[in-house]
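The structures considered in this document are given below.
Two complexes, one shared chain (chain A), two partners (chain B, chain C).
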Partner chain A sequence: MLHQLTVPEAFAGTIAMLLLLVQLSLFRSMVIAEFIRVYAIQAWLVAAICFGVGVTEGWAWDLLLLAVLTIVFKGTLLPRYMQGLVRNISSRVELPARINVLASLLLAGALIGLAVLTSIQLPLHQGAFLPQADLATALSMVFVGFLVAILRPNALAQVIAFLTLEDGLFFGTVTLAPGLPFIIGVLLLLDALVAVVVFGVLVRALVERHDAAGIAVFQRLRG
Partner chain B sequence: MATLSPILVQAAQVLCLLLLSPLLTGCIARLEAIIQGRYGPSIFQVYRDILKLFRKQAIIPEPSSWIFRAAPFVACGCYATVATLIPVLTTYPLPGATYGDILGGAFVLALAGFATALAALDSGSQYAHIGSSRAVMVGVLVEPTLIFVFFSVAFITGTDLPYALNAALRHSAADVLRPAHVLAAAAFFMMLLVDTGRIPIESSSATIEFGMIDDARLFEHSGPWMALYKWGGSMKQFLLYTVFLNVLLLPMGLSSSGSVASVAFAIVSLFAKMLALGVVVAAIETTFAKLRLYKITEFIGTGLLVALIAIFAYVVGVG
Partner chain C sequence: MNAIIATAIAVPLVLAFVTLLVPSRIGRVCTAAGGLVTAGCILAAVVRTAAGAGPLDALSAVFLLPVAIVYGTVGLYGTWYVRVEAIGVDGDEAYRREFLALTNAFACAETVVPLLTNLAGMWVALEVTTIVAALLVRLQGTENALEAAWKYILIASCGLAIGLLGVVVMYAAGTGVLPAHYAPSWTAYMSVAGKLNQDAVRLAFMLALIGFGTKAGLAPMHTWLPDAHGAGPTPTSAMLSGVLLSDALYVIVRFAAIANAAAGSGLTLHLFFVVGLLSLFVGAFFLLQQRDLKRMLAYSSIEHMGLIACGLAFGARLAVTGALLHVINHAATKALAFFGAGRLAARFDTREISKISGGVAVLPASGTLFAFAGLALAGLPPFGLFRSELMVLSGGFDSGRWVVAAVVLGLLVTAFAGLMRWTTRVTVGSPPADMPCGERDVGAIASMFLAFAVVLGLGLFVPPPLRVLLTNAAAIFAGRQ
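Let's look at the complex of A and B:
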């Protein structure tokens, strides 16, 4: 009755659940620095799954290289760059939320349920990694990413939400189609790079606006 | 090697609960004090407190009725009953162990909470009223999560009898590491923290009414009744730890033969496991900031979601 898990399956399942849980923590984070940290953790998890698939596919060099690139760019350089950008504003800007945390979590739970119920209907073939679970996780991450973008009306938070959503897509492509051309994986990485550039532009705009506002406030206080 | 009859072992289970639970509470309080850099009370302090209270005179509020006086006995009786339903010391079911499944045990625990809340209302004191209304509110939030946890564990193992769950987990160690099981155990652990008054808002040794949930219900009780409640609180913690450790997390170390030596070893190993868990709990309680009262829904909501994801993980086949 109970499907006996193989090691790769259990590994993929654990990573998938961790990815989802980490993403769900975005609903209660209040500062942008926490969002960026969540994104970095997700990047490491995605790199881990990428590495795992690479090993089970017979040490496929492109996947291993992709794992390394993911760690270097998405796990280290980009988060560090973004943390540097927001260092001055992170503690000053509290990210707004449209509805309370419990309601958002329940909505997210409903969306994950939807993702699970749709993906188990699809006639996917059994592979080394359970394809239905992978599709369900990837779909859930996309849904939850959209939900975060909808419920946190702040441009920076929305960029990070997009990046986590994109992590979900990356997870899906790596586990469902491990033989995909290397160039597509790199393209997905570049996608993240573009998002980070957008993030940088937004931060600059925000810094200018907030600095101006801040000075005005102080001058009014001086009387 | 002398073998104990099942009835005797069952009695040993209940006695173990009655006699060791204050020691566990004392040890955790001491651990917490050490983590916080204090010397802390003796690990036997809870026994002394209970004995002292038993010798004191009881004062009963004027408007109260028999409910007020009966509740502590009902609560302690419930806790002792739950000990017969769960695997405290043995891997094989003892007489009476199959009278209730894990939900049955939860119902008996809920009955103890209900009796306590009723007695608090009966006392006519506002603080006790606040305590019981808070405790019931938290209970309403915690119970769906616990039900999801038990359902997901029952899905995985195909049963919801505590002894059978323990056996299923012992037979395949890999099952303990299934994502669904790990998540369910994590959700139960979060609820355990709430139920034993560690986080998110309560402090188990608090003296401020605003931060109290469970202890606020006992304001009007004194003397032997209060001693029973204090004892009962320790017993509840002991039971929840036992369920978490023996049914969900580490089903090893229990007696499978019923011989004197193995039962003694089971008692020692159970207590060692509890102390290890106690270190984790004390560390969490010391390092995590308490939340505001209305934030408790976030904490419990997170637990509910973790339990839900456990079920989804099972449904899609990675559980």
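Let's look at the complex of A and C:
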């Protein structure tokens, strides 16, 4: 018998699907400004899920506050800062891809399948906001974030891939562990802020030295 | 919070701000004093814990000791480093202040990690160490430093992201079993370990091992480590190798303890074997072909982390106790080795092994102590690492895992060959004819003698309070406490 979705479940499911679709669009983006837009959209979607869980949990003030902070920082301020970085180097930024879009999407699809297979083995239903797909979505976003970082060898693109990966964690934290998010959520926000600043420092230094934000210059050290 | 512990955290935290504001000649003295005060506080807390009156549990106490040893000696070493060696791209005062401030901030974050039993808190503290360490690694401003910092922050951040997923899955496993909106503390999980969903706990441990294992330098997630250790300032390399790796390992051990208690030790031990043997393999074979002094020590760190993982994997009490003792021995020995390598590299103006010879003749104290550090890292008696390696291997053979123990022994012999080859290359022989000989840098030499005292002391004698702590910490790992 088919499970009748409740309104919160349908809402969360829609947001989860949109988050993944938006992240997948990173494979076809050729301009760094599009990457930043994708990150901003994802931040608004994550804020929406945070708001939804906050309402479902009886208007939990911490989650509602977190939603607002997410919109302010991740949805607005950080994208603007990154746009500023891009403006300075935009004429020299290239967004290469190691493989074509179709192959990238096929790989991403395989990873999402792996995430779904892993998560259905785990009966983590109690207390979860999105019982059937929360862990699958979080894992998928982490996997796809890694894939983007691997397939788009550009410093700024990798920053954004990492940040979208963090959005997956944010989603997982809010839906899987509704008692946990405030501390973690605020720190993820701070983490994103500091990470962008640190990455920004490095990217600027790179650009000064090499006139490009590609990582091809990072070939001296071999691990 | 206990006053001693609060002091151990507050001193480096305050110094992180103070050293940014005062001249570096004052800042370096403050940092040296702060390091010794913090080390004293930690030792006092650890001794009280061993006596059953302390604010910590045994596992926290064991993993705090590397902080005491390394930060206590790094401060002293820094008095020489900041005066002579701390020359960035511009060679200015700002660089020195920044170095001292970041070093103290790094020490503060590293002190906090083993004090925490809240899994989310541990993640936060490790995240802070990542950011501060990345800034330290890029401080020298060279292309290598920039690249190493970039790799470090990217790989470590991704690792921590996976680690956070482990925290979240563990939290989800506790939902319904523990009260709503519970704090994800280790003690809470242990109190209901039998009721936690076993598959979820196993997945959480796997994610933690991969995620935090990245920061612990365990293969195959180790690729940031040789670059960061090689490119960072020497005191930073000592703190990365001696403390940061063990801090990350501490978090993994906490997860493993929950997994052992909730789902049995089968999976945790197998996974520890996989990453342990792989790390030993990578460390041992890359040691054979190193050309850079500090990168050689970095690969030695990977090898020793692998040995610790194997010791935990053997599961026998002797092996686990040995592995935990190895954490302390490795911290002291690696601090000594990096200090010596930094002194040699500064005098010879290169880190290339082929261009350094006669280190003992050129730097009688530092060169000799570096040679001892090399012998200790290779696992020779009478040093502490020999004792702990012997305990791990004996425990391995006692546990009936003959094949694995034999493989571990073989890889240790391989690492021994690499370390002996390069250590003898740089310390004995004739120095270049125009190389000035002798040294008078009291702070640096004192720091090395302090570290050496621990390296030798723990080889000759394990104090009873430490034995008690190691035994209790091994019981915690097994999920029995």
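Keep this in mind: the second predicted complex is superposed on the first by the 196 of 223 C-alpha atoms of A that agree within 3 Å, B and C clash if a C-alpha of one lies under 4 Å from a C-alpha of the other, contacts with A are read in each partner's own complex, and residues count from 1 in each chain.
Keep in mind that, in the parts below, a contact is a pair of C-beta atoms (placed from the backbone, for glycine too) under 8 Å apart; a residue touches a chain by one contact, two chains touch by 3 or more.
Computed from a predicted model, the values in this text were never measured in an experiment.
**Q** Just checking: does A:A177 make contact with chain B only, chain C only, both, or neither of them? Give me first, second, both or neither.
**A** After superposition on chain A, A:A177 lies in contact with chain C alone.
**Q** Quick check on the superposed pair: does A:L21 touch chain B, chain C, both, or neither? Answer first, second, both or neither.
**A** first
**Q** In the overlay, answer first, second, both or neither for which of chain B and chain C A:A108 touches.
**A** The first partner, chain B, only.
**Q** Have a look and say if chain B or chain C is in touch with more residues of chain A.
**A** C
**Q** According to the stated criteria, A:A149 is in contact with first (chain B), second (chain C), both, or neither; which is it?
**A** second
**Q** Using the touch definition from the top, say if A:E9 reaches chain B (first), chain C (second), both or neither.
**A** The first partner, chain B, only.
**Q** Determine, under the contact definition given at the top, whether A:L122 touches first (chain B), second (chain C), both, or neither.
**A** second
**Q** For A:A138 in the superposed arrangement: first (chain B), second (chain C), both or neither?
**A** Once the two structures are laid over each other on A, A:A138 reaches chain C alone.
**Q** Touching residues of chain A toward chain C in the complex: what are they?
**A** Touch residues, chain A against chain C: 118, 121-124, 126-128, 135, 138-139, 142, 146, 149, 155, 158, 162, 165-166, 169, 172-173, 176-180, 183-184, 187, 191, 194-195, 198-199, 202, 205-206, 209, 215, 217-218, 220-221, 223.
**Q** Using the touch definition up top, name the residues of chain B that touch chain A in the complex.
**A** Result: residues 156, 158, 174, 177-179, 182-183, 297-298, 301-302, 304-306, 308-309, 312-313, 315-319 of chain B touch chain A.
**Q** So in the complex, which bits of chain A are touching chain B?
**A** Counting only chain A, the residues touching chain B are 1-5, 9-10, 12-14, 16-17, 20-21, 24, 28, 100-102, 105-106, 108-109, 112-113, 116, 119-120, 130, 132-133, 136-137.
**Q** Residue numbers of chain C touching chain A in their complex, please.
**A** 120, 123-124, 127, 131, 134-135, 138, 143-144, 146-151, 153-154, 157-158, 161-162, 164-165, 167-169, 171-173, 175-176, 180-182, 184, 197, 199-200, 203, 222-224, 226-227, 230-231
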